[in-house]
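Listed after this line are the structures, all set down as structure tokens.
The following pair of complexes shares a single chain, chain A, combined with chain B in the former and chain C in the latter.
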Partner chain A sequence: MEGTELAGKILSTWLTLVLGLILLPSAFGVSLGISEIYMKILVKTLEWATIRIEKGVPKESVKNSASVGIIQRDESPMEKGLSGLRGRDFELSDVFYFSKKGLEAIVEDEVTQRFSSEELVSWNLLTRTNINFQYISLRLTMVWVLGVIVRYCVLLPLRVTLAFIGISLLVMGTTLVGQLPDSSLKSWLSELVHLTCCRICVRSLSGTIHYHNKQYRPQKGGICVANHTSPIDVFILTTDGCYAMVGQVQGGLMGIIQRAIVKACPHVWFERSEMKDRHLVTKRLKEHIADRKKLPILIFPEGTCINNTSVMMFKKGSFEIGGTIHPVAIKYNPQFGDAFWNSSKYNMVSYLLRVMTSWAIVCDVWYLPPMTREEGEDAAQFANRVKSAIAVQGGLTELPWDGGLKRGKVKDAFREEQQKNYSNMIVGNGSLNSESN
Partner chain B sequence: MGSRSSHAALIPDEDSLRRETGFSQASLLRLYHRFRALDTNKKGYLSRMDLQQIGALAVNPLGDRIIDSFFPDGSLQVDFPDFVRVLAHFRPADDEDAGLRDPREPEPLNSRMNKLRFAFQLYDLDRDGKISRHEMLQVLRLMVGVQVTEEQLESIAERTVQEADEDGDGAVSFLEFAKSLEKMDIEQKMSIRILK
Partner chain C sequence: MFSRSIRVGAVSSDQIEQLHRRFKQLSGDQPTIRKENFNNVPDLDLNPIRSKIIRAFFDNRNLRKGPSGVADEINFEDFLTIMSYFRPIDITMDEEQVQLCRKEKLRFLFHMYDSDSDGRITLEEYRNVVEELLSGNPHIEKESARSIADGAMMEAASVCVGQMEPDQVYEGITFDDFLKIWQGIDIETKMHVRFLNVEAMALCH
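And now, the complex of A and B:
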């Protein structure tokens, strides 16, 4: 008897604490400063750990920064690599250039490394990021053990509870709001529900987000584009403003959430069959942004999750709709927790567990000034322009490759471009050397 | 998941591999990690598919030929030692190599002759020791795609074979190939320096 009473008391105190310290402040968008204290302690601990590791390890075995490539690259264009002026003839040695480039790609290529988590410069006391950091001292190991206990026994249950509450509130809240007739009250309530629940969900990940340039926050009737690292991106952005999401109708829990939130505010969900019809998709999105009262659409033009060190090709479909594009750059700090979802390695549940047992999710969000397509610029060029802006702001490298490479083979069009370049060199503008003799 | 040990003991026959290829221990370790990263299903060897997944290689006009050089004699798998042996051809020449080499030991994999042999076998598909006009044409076609007409390509191939062919047999042997490139700075064109 006493056992269950005790358990009941603990549960109710626990829930009251959670309600008072987390849920209510989220509803009002206020912070009590508990997370800040946690973060300060965390930063101090990690700094201490870094110093200990550097003292304990001889200099040679410390890895260089992961951003420097492992081979010396000669990035000069094909003309220089083939050591010739335009219109020179084919030589037997031309094959060297291509074979060297090919073998360089085998040793190190820009794309494959983007689909695995970023390497850390110094260990952050999580087993999963331990690459070659050996045993240093007893104190460090004790701190690590303490970290494990804190993360798995204190933080994980708290976070799971919060996430559960957050999702349930979202589903229930939006279903309730959906019952109301369309009016400004409904929109206001739906925004309130969305914001509150996303804030709760972000707290469930111990998320610390810094927003920059809030004056450029996406406006109604616009399209918001951002680089994609994980499904959490959606929560990160929605904490500071409401968006209309675009996506495919899914089954299971996601489907329930989708059906609930679309009652409260007009998100755009497509059936699988509709997604293949590009005209239909474009038409529906155009209709959405034409209505000035509707929320800005949120799109991730890369189409897949990248590891947050680079930005890959933006698919031009999103840029053909027209309207104003509001770019947003999101950069996570990997020291506190890796947010990248490696979908080929982890499914959604194990990914969420990993995120919830990290220290925290810390990220910066930059809002960029709105952009529109200029005269004489086609959708692909416009997409590249926006991509560059986001890459520069977030400090990410720009890659021309398609993120879909991790699943399929590359398009022949890229190879044809190289072949065209080479042909122009050896054949010139349709005249061979022998003819000019 | 979990930790990757930095110990070179992971690599089988590390010492003999190091002597044979001339790579430093650190480079060998880097290449081993790269091999493991490319080996998507953790099979312990690489197949053609694994190499074809590399975007930058797939768009290379000679991509397929380069992949072929890892799979001689119709084999379907390449293990780590063979992988490294091919890459060793592109190791920059060390300055100490030149004078101190024991003439009884086999030539280092990254010697000038061996680099030329690597390039030669990109042309010589049937491995008969000669590059025929037909083989020259095939390589040219790979490099230009559909951009150049058959006649133009044939005249280029004809001219190149004629220039290099000394004994008049209508094909380029390895020695003729090496002779026509004797003035070329092979070292700079066919070397990849691993930084760490």
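And now, the complex of A and C:
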């Protein structure tokens, strides 16, 4: 009897605390400052840990920035690289250049490294990022053990509770709001429900988000594009404004959420068969943005999750719809937790577990000034322009490669272009060579 | 960890560890790499002579396992052996070591041309390389590729053999001829891959 009473008391106090300290403030968009204090303590602890590690490790093994790469790549363009040895047999010398390039690609290629998590320069007291760091001192190990206990026994249950509450409130709230007839009251209520539940979900990940340039926040009737790192991106953006989401209808829990939220406000969901028909997709999206009362569409043009160190090719389909594009750059701070979803390595549940047992998710969101397609610019060039703007703002590198390379091979057209480039050089010079002979 | 003396050159244990991680990434956590594993490197796809480069990794002559033939799979030691052909010339090396390193690099390239391992680059093999370099461009006809190869072979013949009699046939470029062509030309700076944070630890044996 006493045992169950005690358990009941603990549970009720727990829930009251959660309600009072987290849920209510989220509903009003107010912060009590608890997470700020938590972050301060966390930052101090990690700084202390870094200093300890640097003291403990012998001087020679202090590594340079791990993400720069292991070899010095020859970035000079093909003409310069090939021209050095010309004059003799040019094919022989060209083989030098290409074999060196080939070996560089084998040792380290720019693309594959973007599909695995970023390596940290200093350890952040999570086992999963402990690649090269050895045992330093007893104190550090004790802090690490304390960290494990805090993360798994205190933070994890709290976060799971919050996430559960958040998702259920979202589903219930939107279904309720969906019963109302279409009116401005309905839109206002649906916005409130979306915002509140997303804020709860973000708190369930201990998310700290800094928004910059709020004056450029996407307006109704526009299209918002952002770089994609994980499914959490959606929650991060929705805490500051409501968007209409675009995607494929899915089964399971996601399907339930999708069906619920589309009742409250018009998101755009496609059946799998419809996704293949590009014209149909473009038509529906065009209709959506033509209606000025509808929320801006949120699209991730990369098409897949990238590890947040670079921005890959933006698929031009999203840029053919027209309208104003509002670019948004999202940059996560990897020191507190890795948000990247490596879908080939982890499924959704293990990914969520990893995220919920990290310290926190800290990120910066920059809203960029709106862009439109200029005269004489085709969709692909426009896509590249937007991509550069996002990469520059977020401090990410730009790659021309397709995110689809995570699963597929290089498209033939891309390869042939490179080879044509080279052959033109040869024939041009070859004819000169034979003339001089 | 490595019992055989591998000519790894100026590579530190840190870098070997990084290479090992890359090896595991390429092999999919298997202990050996096969030819198919190189298909997952997008940057390599753009290289016109990728099949020759990949073959070079499995060539028994480069792996020092025999005078000819191609291995099915290579382990990490073999991977490092191939990598060692691309180590940069260290300024602390003496003249003899520099010549040795240079010869090894040229031998690696010679093997890339000499696909039938008979010790000579024949006109056919040369044409094959030129065609591969120019592959993918539909506008260049086979004839142009052939004439480029023929012209180059003639130039090589004149360097190696000097003036030829009208019915003298040039068999092919031997390795010594190959060395003669490249005498005096600095290839070292063109055929190396430089590691960041190089710490000169091991030397050429």
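As a working rule, the second predicted complex is superposed on the first by the 421 of 437 C-alpha atoms of A that agree within 3 Å, B and C clash if a C-alpha of one lies under 4 Å from a C-alpha of the other, contacts with A are read in each partner's own complex, and residues count from 1 in each chain.
The rule is short, and it goes like this: a contact is a pair of C-beta atoms (placed from the backbone, for glycine too) under 8 Å apart; a residue touches a chain by one contact, two chains touch by 3 or more.
In this text, all values refer to a predicted model and were calculated from it rather than measured experimentally.
For the composite obtained by overlaying on chain A, chain B and chain C cannot both be accommodated without a clash. In the superposition on chain A, A:W401 contacts both chain B and chain C. Judged by the touch definition given at the top, the superposed model places A:L138 against neither chain B nor chain C. By the touch criterion defined above, A:K101 reaches both chain B and chain C. Residues 61, 64, 68-72, 89-112, 132, 401, 405, 409-410, 414-416, 418-420, 422-424, 426-427, 434 of chain A are contacted both by chain B in one complex and by chain C in the other.
Within the complex, the chain A residues that touch chain C are 60-61, 63-64, 68-72, 84-85, 88-112, 132, 401, 405, 409-410, 414-416, 418-420, 422-424, 426-427, 430, 433-434, 437. Within the complex formed with chain B, the residues of chain A that make contact are 61, 64, 68-72, 89-113, 116, 127-128, 130-133, 401, 405, 409-410, 414-420, 422-424, 426-427, 432, 434.
Taken in their complex, chain C has these residues touching chain A: 14-15, 17-19, 22, 25-26, 38-50, 52-53, 56-57, 83, 86, 108-109, 112-113, 126, 129-130, 133-137, 139-140, 144, 147-149, 151-152, 155-156, 181-182, 185, 187, 190-197, 199. Looking at the complex, you find that chain B touches chain A at residues 1-6, 30-31, 34, 37-38, 51-63, 65-66, 87, 90, 118-119, 122-123, 139-140, 143-148, 152, 155-156, 159-160, 164, 172, 177, 180-181, 184, 186, 189-196.
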